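Below are structures written as structure tokens.
In what comes next, chain A is part of two complexes: it sits with chain B in the first one and with chain C in the second one.
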Partner chain A sequence: MTTLSLAPNPALRSPPSALRNTLTLARRELRDAVRSRWFLLYTLAFTVLGLAVSFVSAAGTGGSGLSGFGRTTAGLVNLVLLVVPLMALSAGAASIASDRERGMLSYLFSQPMNPSELLLGKFLGLAAALLAAISLGLGSCALILAWKGLRTNPQSMFWLCGLAFMLALGMLSVGMLISTLARRASVAVGTGIFVWLMLVFVSDLALMAGAVALRLRIETLFAASLVNPLQVFKMWSLHAVDANLDVLGPAGLYAVEEYGALLHVMFAGCMVAWVVVPLLLASVVLSRRSPL
Partner chain B sequence: MNRLRLLAAVASLLACVPAQATQPDHAAPSADAPTTSTVPTTLGEIGRRVAAAEPGATLVIEPGVYHEHLRLTKPLTIRAGGKVIIDGGGSGDIVEITGPDVTFQGFTVRNTGIDLDKENAAIRVLAPRAVIKDNIVEDVLFGIDLREAPDSLISNNRIGGKALDIARRGDGLRLWRSDRTIVEDNVIHDGRDAILWYSKGVVVRRNTGLDSRYGLHLMFSDDVTITDNEFTRNSVGIYLMYSTGVEIAGNRLIQNRGPSGYGLGLKETDRFVVRGNLMVGNRSGIYIDGSPLAPDVPGEFSANTLAGNDVGITFLPSARGNLIYANNFIDNFNQIAVAGRGNLDANQFWKGDAGNFWSDYTGYDQNHDGVGDFVHESATLFEDLMDREPSLRLFLFSPAQQAVEFVGRAVPAVRPEPKFTDEVPLMRPVPVAALPASSSSTRMPLAAGGAILVLFGSGLLRLVRDPAGGPGGAL
Partner chain C sequence: MIKINHVSMKFGRSVAVSDATFDIPAGDSVALWGPNGAGKTTLIRCVLGLLRFRGSISLDGRDVRRDGKRARLLVGYVPQELGFHDELGVNEALRFFAALKGLDAVDTSATLEHVGLAGHGGKRVRELSGGMKQRLALAIALLGNPPVLVLDEVTASLDAVGRAEFVGLLERLSGAGRTLLFASHRLDEVATLARRVVELEQGRVRRITPVAAFVAGTEHGAVLHLHIAAHARQEAMRSLSEGGFSPKLNGVGLLVPVAASQKAAPFRVLADARIAVEDFEVVTSAHAADLATRARERRETQP
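After this line comes the complex of A and B, so read on.
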């Protein structure tokens, strides 16, 4: 972490230099992440909680031989909603700000590379770390569920894994935007956790209160929930895994009736926007600000 | 787009009043039954042989494709001697049976007209004691239509509707004033309803209904026995309306979804017994609207398994006098819901010392008598909110839902009244009845999928430890 060699890596000699810079940085970021405590702790927590959810949902059937994967999916979706955004936001928030704090950022900027390469490299490295954490966690859940006798299509597990990764990318990108804006790492991480709290609890609770108090129409309710990437992840995974959103009552029925096959595209669009827009903003901020 | 909006609005209304909305639909076309025949007077090849046959004769038809409309006016046994296709050429009815005691067996009847006003049917029976057996009926508006044909037997037919919009489809099977008919071993798919009108003492057993609106629909039909059927992916599996004395046992009701989406619906039905059925993955396993209507005989639900439904049993607040015991409620997102407000005090969730098995029961059984030591009552704040404001289902499975439920548990002031109480909850599920004979899928694919994910994750981590990183490893 303290020294960084940008000496050309023989394995990476062929790609052009911008890509090489990005990939080298991504590797460094991944290595740092894997060696750091936060990665270990989050991965462990995610896996252990996932296993607990799996055990409980397998035990809930009382050995009747009937296990509703719906319930298990719901539990895992819930867990992903809690843990993955927290993991991604805090990783993203810590990334640039801590480098700035330690003077690393000015050192990196003295190298022949531009800020967007730096940003992208860090983004890719952290994304790979998050992908590893998610697939380890959900993969061990699938093993436990299979061992407990759940007979289901592994496709749903892959969907869940991929969508959780999409969510992680979006939250990572928001975290990095926070990180470029903040002066100190502690402020960045604090802001990241605040944003997490807003997205996980406050916005949903506010929307719920609005739905009851203002008698929001279901169209409005559905549109409003598309703004929150966590809700998008939830609806998308229900749509992909169970292929029916009517689990979500009138608003879900409305979504299916009105948009049908378009839903995948809509959800994907929302998620991609949450990945791309904050990252672009972050790159603008980073190139305008002094690295100190 | 506006029409879709309207549909969505209607859909949300349907959650409250599903039955009334769909009901007049049947009454109109059927009220003028029987209509005049559309079978033409010119005779086809089979028609000529039928005309020449003595009453009571047995005809065996040679294999081939026959383009004709057939009318059977006298007692006859007519059988296909191989693959015999009767093609209606896309117009009118195809086979009309007006004589009593006709046996019609082994044919493929296909391609009726699509005139809903004339109710074009593949096989229409207008006389008693018909036997319709082993036929394949495909690409039809109405499949088999019995009008005042009591004591008939409809057995082992396969009936498939036309690929039409649900509003333009006809009924796969319809019985109109056809008492004591037996309907068994048929497969009915892609139709509107399989429906019984004013038919007493009918037996419906071992049939399969798929991808239709109502898998089986009873209107004013008393003393009907419905056993060992399977209804999958319909809007409603079995819907009973205004019928008395119905026994429903050993049926499988699976994945019946959509705006109504009930495994079993009971509207103003009396003296019914629902025993040993399996309801899985429906929007609501059972839907109870004003049943039983007369309070002297309780509605009885026992040994059923309701698993993985969005709602196990939905009660309209008017429902009273039901006796629900020894059932399994396994992992339904809401085990019991009351549409609108109100409680279920007028229904009882145990009989003697047998309650139900609830997968969400949190108590324990210290004396090992198989019955939980604490009563089971359902009172979660979020469920209570959802019952009142259905659009809040959108927030299901989110951490915010858990936050609301936590508040409900922690703050007594906002804790809702329990909807119902089971005094003697069972600790173990009762044996699950009506399970499919064999489930072909195994746990292997899931295990393999999990292994792939774990390997992939750890592979990613090894990527950076890779010694081939060379000088890069000097970091």
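After this line comes the complex of A and C, so read on.
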């Protein structure tokens, strides 16, 4: 072995900036995510299901016509509603809790960095991984639609991709909040899946039951639906692609008549809140709670 | 270099550290000594700013809570065991932590060579043995040549050969003005690496002594390190206590202080209780005193 000559460095260096640490952690997280099984499986499942939806829609219209694209969009919106929140919630939920469980969180905190840098770095890295998965899935669908000769509107596909990414960011943020609160990764991921079930299935049923049982007014019903980020995504994507919300029934009609162009701002505000608020709460929890 | 001032820390109602106060000047090497639950690891975590505590701790004048980022820049930390991501490569790990320490570039080959891991840079972390992982953790701790090294029972999970090599490596590092703060259960390790010993008992600092005085003041002739399966340790503790011994738990089993002429007695007690001893080591006070003397001589002759 070489004789050690590692004398301590008396020169006082400055600690790395918050931006530098955040980007270092984001790159690391992106690399870990891309290598992990969950990312590959979810991306594969999303792409295969998206392609199946595209093929079926294209076959149903004989390979042409705007109605085919509308059907495809509806199918893809529902696919995004199911897969993207699950993907983002489980990625976010596993992120910090698994590091805590392995003792890596306290080790990272023993380095010259702050908890908020760690949180933001992990968030950005996972967000990039999710963006790659969504782009790959929906991009493949767009290629299939073009190949089959459907008159796709590229703008609509970009809207769908962008909104799916917004939804992913919101769910990632919620997942990371869960992760900062949980001691074990399995508990965090389990809670993430429970939240996904609630948002996808139970909240819809509860809203319908509430509307009937409590005879909710249409504006109350619309306001209540804004609480669920999945509903916001659904309404926003249909509004952006089709410019009407007829398919959602009276609540949709009411929203378009009452708010018109303001709907984009309202939906954007809701989605941004779903990204920012859980992330801020996660930051507070992470800096106050022991990393052990 | 390290100032610990009236530090107290509780987990719920349980007191982990109570009013600990001591200074560690630059270049000193201090061991934290005490049984499990004495507060060694908790105090180390407070020094790193990982836990919220009462009182204050500063590293070279930088408060670990108010100026934590700048304070931690001065520290290289090696935990008992490190849970690296399995797929992480060795070189990749070095580059990642170098970036977190604000270093623009790192000579991974030279760094690995310094800790005896030359040629392992291309491996995944999961391919390394326990001892090699600890060496990697030490290599990471040394990135940027920090003036303070903090070690938390770093040899607890290593076998006898791995431990001897690792302690040798640490001894070579502790010279040249580097400040060392470490927790250990092992008398031989303390005798080799420490200049002073802080004895902790139920979170309180019982006394601070030079290592030679500490070793000389060891009440018993020898300490048996018994490796016992985790599920049998409590039962072994109970049997030995009933047999008139004062066993203490450590990372892999039990430490049993015994008189020099009674080293076989704990084995008889455990055999009667049908508790298997997987492995054992004996450290005598005389051996520890010899280690301390030789370590002091080596330090004195170091350039």
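Definition applied: the second predicted complex is superposed on the first by the 270 of 292 C-alpha atoms of A that agree within 3 Å, B and C clash if a C-alpha of one lies under 4 Å from a C-alpha of the other, contacts with A are read in each partner's own complex, and residues count from 1 in each chain.
The rule is simple: a contact is a pair of C-beta atoms (placed from the backbone, for glycine too) under 8 Å apart; a residue touches a chain by one contact, two chains touch by 3 or more.
Just so you know, these numbers come straight off a predicted model, no measurement behind them.
*Asks:* Between chain B (first) and chain C (second), which does A:Met113 come into contact with in this model arrangement: first, second, both, or neither?
*Replies:* After superposing on A, A:Met113 lies in contact with chain C but is clear of chain B.
*Asks:* In the superposed arrangement, which partner chain does A:Thr24 touch: chain B (first), chain C (second), both, or neither?
*Replies:* In the superposed model, A:Thr24 contacts both chain B and chain C.
*Asks:* Counting only touches as set out at the top, which of chain B and chain C does A:Ala209 meet: first, second, both, neither?
*Replies:* Neither partner.
*Asks:* Counting only touches as set out at the top, which of chain B and chain C does A:Val265 meet: first, second, both, neither?
*Replies:* It touches nothing on chain B or chain C.
*Asks:* Pick one for A:Val276: touches chain B only (first), chain C only (second), both, or neither.
*Replies:* A:Val276 contacts neither chain B nor chain C.
*Asks:* Regarding the shared-chain residue A:Leu40, is it in contact with chain B (first), chain C (second), both, or neither?
*Replies:* Neither chain B nor chain C is touched by A:Leu40.
*Asks:* Touch check for A:Val227: first (chain B), second (chain C), both, or neither?
*Replies:* After superposition on chain A, A:Val227 lies in contact with neither partner.
*Asks:* When both complexes are superposed, which of chain B and chain C contacts more residues belonging to chain A?
*Replies:* The partner with more contacted residues on chain A is B.
*Asks:* Take the contacts of chain A with chain B and those with chain C, and give the residues found in both.
*Replies:* Residues 1, 3-4, 7, 9-10, 24, 28 of chain A touch both chain B and chain C.
*Asks:* Mind listing the chain A positions that touch chain B in their complex?
*Replies:* Interface residues on the chain A side: 1, 3-5, 7, 9-11, 24, 27-28, 30-31, 34, 57, 60-71, 74, 77-78, 81-82, 128-129, 131-136, 138-147, 149-155, 157-158, 161, 200-201, 204-205, 207-208, 211-212, 216, 218-219, 221-222, 225, 230-231, 234, 238, 244, 246-254, 257-258.
*Asks:* What residues on chain A touch chain C, complex-wise?
*Replies:* Touch residues, chain A against chain C: 1-4, 6-10, 13-16, 20-21, 24-25, 28, 32, 35-36, 101-104, 106-114, 290-292.
*Asks:* Within the complex, which stretch of chain C touches chain A?
*Replies:* 45, 48-52, 68-70, 72-73, 75, 77, 79, 81-85, 87-88, 96-97, 99-102, 113-114, 116, 118, 142, 144-148, 169, 172-173, 176-179
*Asks:* What residues on chain B touch chain A, complex-wise?
*Replies:* 1, 4-5, 7-8, 11-12, 15, 257-259, 261, 280-281, 283, 305, 307-308, 310, 328, 330-331, 333, 357, 359-360, 385-386, 389-400, 402-404, 428-429, 432, 435, 439, 441-458, 460-461, 463-464, 468-472, 474-475
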